[in-house]
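Presented sequentially are two complexes of subunit A, the first with subunit B as partner and the second with subunit C.
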Partner chain A sequence: MFSSLGNLQPRQLAAQVLNFALVLSTAFMLWKGLSVFTNSSSPIVVVLSGSMEPAFQRGDLLFLWNRGQETQVGEIVVYNVRGKDIPIVHRVIRRFGGGSAPLQLLTKGDNNAADDTELYARGQSYLDRSKDVIGSVVGYVPFVGYVTILLSEYPWLKTAMLVFMALTVVLQRE
Partner chain B sequence: MADTKISTQSLADLKNTTDDALGNYLRGLDFKQDNTKIDVRLAIGYASVLIAAATFAADYKLGWEVTKTWTAVAVVAYALLNGAFTYWMWAVEKGCVFDGAREGKKISISTKTKKYDPTYYLTISLADSDSIDIKSPFTTWFTSDGYFVAQPFQQWLASSIEAIGDVDGKNALRDQRDDLAAPTAGVAVLPEGNGTAEASGVDSKAKGSKRSKRKG
Partner chain C sequence: MHNTLTRVQNVFGFFTSVAFAVAAAIAISVVLSSQTPSASLQLRNVQVVKGRPHYYSTKREEYAHITFSLDADLSTLFNWNTKQVFAYITASYPSDSPASIPESEAVVWDAVIPAKNAPEHHNTYIHPTKSTARPKTKKERLSLNKAYPPGKEPGILKLDKQKPKYQITDVSGKIAERNNATLTLHWNVQPWVGALVWDNRRTVGRWQGLKGGEAAFEFPPLKATEAKKEDLKTATGKEKNRGSPA
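Let's look at the complex of A and B:
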């Protein structure tokens, strides 16, 4: 397998490496393109907890849209808790302000007993629509995100997958 | 090269091995390789990879909010470069495996295979004549257990491409070359011939027609 790589001309080797780099960079740029299009830092997220059951299960894949900031009560939004980078998917149950005033939101998980004030950062009792929210849910695919839950719970799987991808692309010339 | 075993059922293996051997053979015959096409491809490709890498670094260090505008620019630039890359491969390189010249005479060879058809298709473009298409089954130069054999491959090339046959006399098969290159030899014996001889003369002329331009 590796001996066949040794036979390559330097330019052919450079082309092989390029093929692999292009696979990675194209995937990354597609993701960034989607980010630009939806105006959201992470346009696709995976539901990590059961707090929105029965609407969303663990492992559901959500598509977000962050253009148009006039979020209404009943919309499901994804937000980041300040200081922690864990996206949370919950439903808006109250809104304050809006229009020219900055919009503030209170959220709650459908499956939770209380609203989210406990979850917010210390001293924060509402979400700032423009700062904290990364998008409203506009579509979802059930279950397919389970792979990423596995990947984040078993980090060595990520390494294994990356190494496997690298090897197949470099060693195969089709 | 010749001692690497490949799977004879894999068309990609057959083609890649043969492509590599083709380049080696021509370089061995003192054809000077011209790498402009692949260099342009590598330049475009690596430029786009650099853009993606820079975007990744900026995003990692500064975060989404700050880099939003530049990310949009980078995405557009990446898309354009990627388009150019694809265009270059499909419209300019067109499967070119060897671009080069010997004693000022340019030669450019591109190869292709068709799905599930173990035949090697070559297109040879020369500076001073039309391009020539030739083909041959891979079985001509691969053994049944998957080893590449140089001699029949080189004989095939030297006998069917005159620019190569001129340089590699020992591989250019006499009868095939004559048949291809000089229809006059067949015509010369014709004077007292009958209808059948006439027909074969016409036949060999037709075969040689691609070549005759060069002669005439």
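Let's look at the complex of A and C:
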């Protein structure tokens, strides 16, 4: 497998590297395209905690939708706590305002005893729909996102996967 | 090139396409299942008292305590792709300027009702039972601690004078003497794979809209005298959802 790397012509090698770059940029474009379509900065998220069990487990993949800002009670939203960049997936249990006033939401994890008031930034008792919320959950695929949890928990896996992907693309010949 | 690597790649590629196709077929086919949910919801009692959001708070707010009776049959919501139904009852009331701002809404009670084939989880609803007698046979024991009354199936709820799970308040801290309030039953069907679905009041294809499951009421004036603690208890249910927020 590795001996064949030396046999490659420079032109062929360049073509393979370009091919790899094409794969990466296509994936990136798809992601950004989906982002524009759903109007969400992160249209697909992976569940990181068990706070919505048994509906969502760690590693489940969620599809978000962020068009139409009239979030209703009972919807499951993904929000970022101000000042922290951790997406949290919880259900809306109260809503106030909307229309001409800013929409304020209170959320709670199905598996938690208390609502999220303690999780929010200091002095904040409600989420601002337009500022804090990334999107509303509309679709669900179980378990598929577990790879990303493994990748973030074992960083060496990231390097290993990248090297493996690069090698397979470069070494593959049509 | 028929080396091991390409074979493994081909097998994995074929597996993912088949898995994707099957998942898509399952997710879309739920529109073929017929749904005929029905419910009747009654308000039993509503009180408004002063309280604090938590023990160390100095803020005094008005809290509403709502008891209700519910007789619902949501069993047809459980099709081949249903993992659980999250049933919840909300209280909604007009905002201060009803012309430009929609109603405010808050959850009063909720329950996670798992499908029969869902794995066991500590955070699923346990339906109250009438009899206090200890179960004699194994069958009787097994029929207790379910999300539905003994002998029934998932989605059946028969609650009488049910205490709320949450006391509710308004963003302004005042909730007494508001008129035109409504108590409404909602649900969220959580699939094994595919789209999440919420309650429909209008009929969509084979899914009949829910009739009933609504009750109009008014928030009473603030209680002048101290209310009895026993009357203001909330029922968190026997489910052990005691996880820390995260």
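Here is the rule we use: the second predicted complex is superposed on the first by the 161 of 174 C-alpha atoms of A that agree within 3 Å, B and C clash if a C-alpha of one lies under 4 Å from a C-alpha of the other, contacts with A are read in each partner's own complex, and residues count from 1 in each chain.
The criterion applied here is as follows: a contact is a pair of C-beta atoms (placed from the backbone, for glycine too) under 8 Å apart; a residue touches a chain by one contact, two chains touch by 3 or more.
Because the structure is predicted, anything quoted here is derived from the model rather than measured.
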item	value
Contacts of A:S35 with subunit B and subunit C, given as first, second, both or neither	first
Comparing the two partners subunit B and subunit C, which touches a greater set of residues in subunit A	C
Doubly contacted residues of subunit A, that is, touched by subunit B and again by subunit C	173
Interfacial residue positions of subunit B with respect to subunit A in the complex	1, 4, 12, 16, 20, 23, 35, 38-39, 41-42, 45-46, 48-49, 51-53, 55-56, 59, 63-65, 68, 71-72, 74-75, 78-79, 82, 85
In the complex with subunit C, residue positions of subunit A that touch it	1, 49-51, 53-55, 70, 72-76, 91, 93-101, 104, 106, 109-119, 126, 137-142, 168, 173
Residues of subunit C defined as touching subunit A within the complex	1, 5, 9, 23, 53, 83-84, 86, 88, 90, 95, 97, 100-102, 104-107, 110, 112, 114, 118-119, 121, 123-124, 166, 168, 170-171, 186, 188, 190-196, 198, 236, 241-246
Residues of subunit A defined as touching subunit B within the complex	3-4, 7-9, 11, 14-15, 18, 21-22, 24-26, 28-29, 32-33, 35-36, 39, 41, 173-174
